[in-house]
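Chains here go by letter, A, B, C, D, E and F, matching the order in which they are written, and residues are numbered from 1 within each.
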Amino acid sequence: MNLAQHSARWYNPDTGTLDRRIFTDADIYRQELSHIFGRAWNFVCHESQIPARGDFFMSYIGAEEVIVVRHRDGSIHVLLNSCPHRGNTVCRAELGSTRSFFCSYHGWNFDLDGTLIGMPNEVDFYRGEFDKSAWGLGSAAQVASYRGFVFATMDSAAPPLDEYLGWVGRLGIDMLAGKGDLEVVDGIHKNRLQCNWKLAVDNLFDWYHVKVSHGTSMRLGLLPEETISADAQMVILGAYGHGIGGPGLKPGQLEALGRRKDGDTSTDAEWFDMQAAWRTQPGVREQLGETGVRSLGHPSIFPNLWVALTNQVCLRIPRGPLETELWWFTFMPTHLTPEQRRTAIWSANHYFGPAGFLEQDDGENWSHSTRGAGGQFTGARPLNFAMGLGQDYVGEDGGQHSIETVVNEHGQRWTYQNWQEWMLAANWPELMATGSPPPDGLV
Amino acid sequence: MNLAQHSARWYNPDTGTLDRRIFTDADIYRQELSHIFGRAWNFVCHESQIPARGDFFMSYIGAEEVIVVRHRDGSIHVLLNSCPHRGNTVCRAELGSTRSFFCSYHGWNFDLDGTLIGMPNEVDFYRGEFDKSAWGLGSAAQVASYRGFVFATMDSAAPPLDEYLGWVGRLGIDMLAGKGDLEVVDGIHKNRLQCNWKLAVDNLFDWYHVKVSHGTSMRLGLLPEETISADAQMVILGAYGHGIGGPGLKPGQLEALGRRKDGDTSTDAEWFDMQAAWRTQPGVREQLGETGVRSLGHPSIFPNLWVALTNQVCLRIPRGPLETELWWFTFMPTHLTPEQRRTAIWSANHYFGPAGFLEQDDGENWSHSTRGAGGQFTGARPLNFAMGLGQDYVGEDGGQHSIETVVNEHGQRWTYQNWQEWMLAANWPELMATGSPPPDGLV
Amino acid sequence: MNLAQHSARWYNPDTGTLDRRIFTDADIYRQELSHIFGRAWNFVCHESQIPARGDFFMSYIGAEEVIVVRHRDGSIHVLLNSCPHRGNTVCRAELGSTRSFFCSYHGWNFDLDGTLIGMPNEVDFYRGEFDKSAWGLGSAAQVASYRGFVFATMDSAAPPLDEYLGWVGRLGIDMLAGKGDLEVVDGIHKNRLQCNWKLAVDNLFDWYHVKVSHGTSMRLGLLPEETISADAQMVILGAYGHGIGGPGLKPGQLEALGRRKDGDTSTDAEWFDMQAAWRTQPGVREQLGETGVRSLGHPSIFPNLWVALTNQVCLRIPRGPLETELWWFTFMPTHLTPEQRRTAIWSANHYFGPAGFLEQDDGENWSHSTRGAGGQFTGARPLNFAMGLGQDYVGEDGGQHSIETVVNEHGQRWTYQNWQEWMLAANWPELMATGSPPPDGLV
Amino acid sequence: MSSFEDLDLQAQMLLSYEVEQFLYAEARLLDTRQLDAWLDLLTDDIHYWMPIRRTTTAREVDREFTQPGAMAFFDDDKRTLTMRVDRLGHGRAWAEDPPSRTRRLVTNVEVLAVDGNDIHATCNFQLYRTRLNSEEDCWVGRREDTLRRVDGELKLARRHIFLEQTVILAQNMSNLF
Amino acid sequence: MSSFEDLDLQAQMLLSYEVEQFLYAEARLLDTRQLDAWLDLLTDDIHYWMPIRRTTTAREVDREFTQPGAMAFFDDDKRTLTMRVDRLGHGRAWAEDPPSRTRRLVTNVEVLAVDGNDIHATCNFQLYRTRLNSEEDCWVGRREDTLRRVDGELKLARRHIFLEQTVILAQNMSNLF
Amino acid sequence: MSSFEDLDLQAQMLLSYEVEQFLYAEARLLDTRQLDAWLDLLTDDIHYWMPIRRTTTAREVDREFTQPGAMAFFDDDKRTLTMRVDRLGHGRAWAEDPPSRTRRLVTNVEVLAVDGNDIHATCNFQLYRTRLNSEEDCWVGRREDTLRRVDGELKLARRHIFLEQTVILAQNMSNLF
């Protein structure tokens, strides 16, 4: 394939316009499953969700259920939930603890790493000639963790997780993991939106919608206006489509915040303290880097994980082009006081999720945008992602790159450009060869 | 494309037979959206529904929502309901009054003619370089009214509305508009049938089904048998697929009816009076013409509008090949006495709509016909539309043409023949060049 | 088509592995409707369900409703339920008695053999020129019965029913019909499973799942362990895909059972007596044959009929690739005592059907297997049907062939191999030329 | 107008019970297709009305329902209701032959006011219907009913029905609410 | 047989209340999977029956339900019901492991007749069920229940269940009604 | 703690009636969008809670619901509920403009216990909602409510809501239960 000819097939980087059909077309959706979710490192759960041997958690890679389970040796395995005999599921619970996966149809039994270890009447019915080693459960090609966050890929050609995440993906996770030892809070908000998954993803970079979409939350004091930092936005773009976008502190501001802490009780200070105070702790600046330590933005781990400021991550699970399931995982640093923990859980419970103050309004907008993309007439008209296009520069601070500017759509453009590159690449080697490096200079 | 080869692809005018797949095939349906609804002048509402500046009504062109709105200068605009930024709908009400269309996602604001007039932070976030004039709401290519009935087309190559309607389409509307100044009655019956939209359209020409399908209504006195006029049917066929079919008065009968008025209280006389009395008023004959004034039939404005005898029009909105939404609009002449108005509204409420005496039975038949069209075995068998084929002549009275005969299927055949021509034509010029003129002579 | 190239397209007879896409692919499903259900002899009902003239029963061929009706001359007709005029259904009841089929749309009226016998106003509206003989209801190409079981095929090229069934299909029916004169018990259990129809079919040969899937039923005493006869299984394979699989008696064992009857009240004896006692009656051995009389297995009449041991047959009606409707017909020999009848009906009511002790668990397994087949990753992995492959021999007893062995998957493999041959054959002549004869020797 | 609140709790309860049992019995008549008996429960001046509902902005939510005299799904007097019942008794009411299977769940019965012989009550309902091969329809809403005590018997003198749907999702409403 | 109509309204109300509360408590036992306690509410001679329903023409609507003795979805005595409950207690009732989540809305409770110790009541119901990832099933219908006063306690002596479905839309009916 | 069972049947009935009518009236306030009046029905220390439900094996079914203090769909005190109501009164609560249409079927009301001024009751419910062009959502479940008699008036002091869904099928839960 001549990539040059196709490189603007759906997304045009020159104009920042996007073909809406990518939100509704069934063939494009199927290609996403194979070209993106079938290749990427996908977040599946946090290690604290399955602390003990035999603990399992049912997760998704793309649109397909996978069992994440801790083996007796402590290793984590990601298994396909389908028996190779007739195809029955071997696990029907969302979470739990087990000694093996027993198929309810004929009783084949699989070890925690997917190995077929038992078949009723193996000797007499199969005459002892069955090669059990060839008929275990399918499993992820690679499984790895970064600071407790477990990822899996179905593609053995995928680069190692660390390389996949790059400094931007790692920084994104560090922005949560750096707060302390994390432990999951029991309970995942799950619900279904009638929207394409990418519209939910692109929204995480969207600091433009806050004042309008979340006007009620601002009025209720849940989102103090100052916290949007419209004039001090920072966008960090990483290889393979990762990115971080949102408020950024000016160099030196972090120290100021630290000082401002005493006595100043404005909501402004309160909020920045909650988000930023931990960054003044020893070692954090070293870990996050000079740029990273100043970012209070939203990390996106390509393709579908959002690391949110509420000590949560949100997975956007595709269920066909027109439906997305949102899962909100909540993690608390173990060092929180009961009162801090209560407050933090209050936020996690009340900002997002289907009854959350913010998310109620988001969902409605995303589904209507999806509908609009499917219209006979509207579907033929491109969308506009041009805010800030060609108007900002990538800067550098302490060896890390970022764009420091006003509210913008750089993150969204980066997402769709990378999405397009993944979709056009035939495989990992081609993606590595043809994928855009994070931009430099004018963007 | 060699049209000759394809001109009987689905409908065979020689035998009056029809391929049932046109009622269920998804590709044919998509082609209908583009070739028919994307080109035609589509009825969207009546001017009296949006009398004041800022009044709007949510209508459909084909399967897509459009906003019909009265601008500050009194002009009517037909807008696509999708923001060009992310695609969100800008209007979620069915009707109402507004000063502008404000997008709930990021707050872009559109004038009543669709122009983008406001963007939050346009200057600071978009750096004042955004060309707002290029990013308004999409709108219909042409909007026009005929006697208060508003039509819109998405195709700038469509001929003017007057030419599109031709004398038959105009006559169809005149048969309602001629009764007096019309004003909408608040409330539109809307419901969904599991049928293909064309089966609902073809039915309006169908005076054969009345005695069987609506036997209960006849027995209850809602449809006096005389009113079917099985032996005095008149079919008027117009360019582009319009038509009028149903009872016709013999030349001279109108005057007789006028005279018969006094004293004669038979239901026959009552019914004809209700339908015909206004035609004896000064000027009506001139307006409707010598043939038109004698037609008491059902006008069909191609593709999907029926002008019914109950002071109503019915729009058949396609929702996929297997579903149709019926909308009944009711208009009353302003000169009616309260009692006349009450009676007329009683009829409008009780004949059609989902709880209407007649329509309850129609819907069931149409959905079962749609199912039959999708069957593995039945779908392969053609339908028969041969009633009266080759057995009638087009006559002329006062310069207008019509077929005067018994109950027949001329109107249905004309509908499917034109449907086929629209489907095979590549665009408006080709349709104008290849479309059949209304027949003359033997039909 | 070069069959050799395609003969393992989905099912590989060498390895006993199967491509799961055959359970979810929409194109394969459509091809099944035409290549399999459109050609096969399909069971539609039992003669005792429509004993009198005008009695009808609504059945299915493939996914399409057909009316099975007894004509005035006693013959049975199988009619398509769609009026050739607009396509409306002419019969909306599941069962009943009628004098003709009257179309509720315009009143065309069809005789019990489908002939169009009445059209309202035929003379005046159709001018007496309508060829009614050409526009009757569609009907099956061939209808025939075997021992009261009515079958129909839409393909006139299909061989006669007797030849189609062959000795294996006939034996399968004999195993129920041989119990005595059968009469239907009023009421058919009908319900819908979210599974592909073939997974339900393959299960009837599946004596491996009983102990695991139906563990609860075994524990409750509904399925005494002995009755599985894991070590005495008998599989009989017939042309075109028919087969019988399950417990088999050893030569001479039948007589023993007959003797064992008195005094022995073990559940083992009870169960065998119920299933086998009638086989000791005069003439039965002659009719079933030396092999047949010893089989207590489950007959499968290709494509989708199971003759069950509960005096029932089960039809698996496809409703798209992902849904199947199960219909359980129950027939009792007329000679049963009221007490025997009560017991037999108790079994029929409580083993199968949606509230049946056994079937509750089956359905769950089949739908999950269907889901697994549609997974992005799991769908690409083959299923394993290798139990007993290459390890058994076809034997012969009294001129009949069978495999006598332990629990195995010979029947399932035979089903999918024949399914593949039907799917690849262009028509009946090709199927007859290329279809595998039942195997001999090593299997 | 209301004298209901003046009643003591026991008397309120007794009246609520009477109303509730009347509404249950009435629903049973409809579910079991005893339509003539149902008609007998209606006063001669009954007004049976279901307006059309529309989606409006919160600001214009007063335009949600059509008003009396405008279009409505039902706007029936006793004569019209009798016609509906007669229709169903006729052999050609195709939408009801085979007959629908219906089930009315009547809940949240409240007596709101008593005005002489008239008892104003409200309830919520779900009307579930299947046709042919278990094709399902479901309507949920609220009713405002006026029951009148006539010669010691309760009769239905007014029924206003408010559905939660704008576009009716069912193919028809061949049934009564 | 009915002595219910002879009771004064207050007595009718009291009995209705008792019946209604019994049915609510019984439904709660099923919804909370207290199946053994539920079994204890049944008399030993209970007949628990759900016939099969069929679509027929209006003319032949008397053939709608199968009759006692013919095929039925449920035709259970206490022994059979006990088997159903035992089944669910067993570790391999796959259709119920993971357990279904059920909710029974019992409405329109009416006492129709009292016959000695037997109280004949009817009610409408909706049984809502989800399995696994919120996969929904719903059954709506009517019940005819006979409650019997045994040693001062109400017991369920007969339950006839009439669904509005012909073909059952759910994959199974692994639950009780 | 329960003194409810000590009451005679008549007294139980009267209390059940009071509770039932309170719950119906309260549901009516929500359905008619009288949210401020609804807030007035709550005690200041109300706990309004809906845990998250999960599919587990029968063996681990005790892990089905999240526990207090962990994640929940609702875990609200009066201040939070007031914020929810305020939100809906604001012009930019997009998920509720146009306003949803809701209907609450409250059934199976049972008083479980009386503890001083506190009445512990349970009920089943179905909350049906449509938005825009009759887009439907439906939630079915059980509630455990504590009503408290304050100055002679009943108030809602605790509401625990248990849905039958694990993954919430609706796009949002912008309404109250």
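Descriptive notes on the structure:
One rule holds for everything that comes next: contacts are C-beta pairs under 8 Å (C-beta built on N, C-alpha and C of every residue); 3 or more make two chains touch, one makes a residue touch a chain.
This is a predicted model, so every value here is computed, not measured.
Any chain that touches subunit C and also touches subunit E is listed here: A, D.
Look at the contact of subunit A with subunit B and you find different residues on each copy: under half of the numbers used there are shared. The chain pair A-F and the chain pair C-D differ in C-beta contact count, and the higher one is A-F. Note on chain placement: the centre of subunit B and the centre of subunit C lie 49 Å apart, centres being C-alpha means. Per-chain Cα centroids separate subunit B from subunit E by 51 Å. Inter-chain spacing, taken between the CA centroids of subunit D and subunit F, is 27 Å. For subunit B, residues touching at least two other chains, in rising order: 92-93, 104, 212-213, 361, 364-365. For subunit D, residues that reach two or more other chains under the stated contact definition are 13, 55-57, 59, 91-92, 94, 96-98, 105, 107, 126, 132, 166-169. Contacts between chains form some other arrangement here, matching none of path, ring, star or all-to-all. Pairwise, the chains that make contact are A-B, A-C, A-E, A-F, B-C, B-D, B-F, C-D, C-E, D-E, D-F, E-F.
Taken together, the subunit A residues at the contact with subunit B in this complex read 20, 23, 199, 202, 206, 208-209, 211-213, 230-231, 361, 364-365, 368-373, 375-378, 381-384, 386-388, 391, 406-408.
Interface residues of subunit D facing subunit E in the complex, by the touch rule stated above, are 13-14, 17-18, 21, 24-25, 27-28, 31, 91, 96-99, 101-107, 126, 128-134, 136.
Every residue of subunit A that touches subunit C in the complex is listed here, in rising order: 33-34, 37-38, 61-65, 80-89, 92, 103-107, 120-121, 124-127, 129-130, 135, 138, 154.
Residue ranges of subunit E in contact with subunit D, taken from their complex: 9-10, 12-13, 16, 53, 55-59, 61, 105, 107-110, 122, 124-126, 140-142, 164-169. Put simply, subunit B touches subunit F in their complex at residues 92-93, 104.
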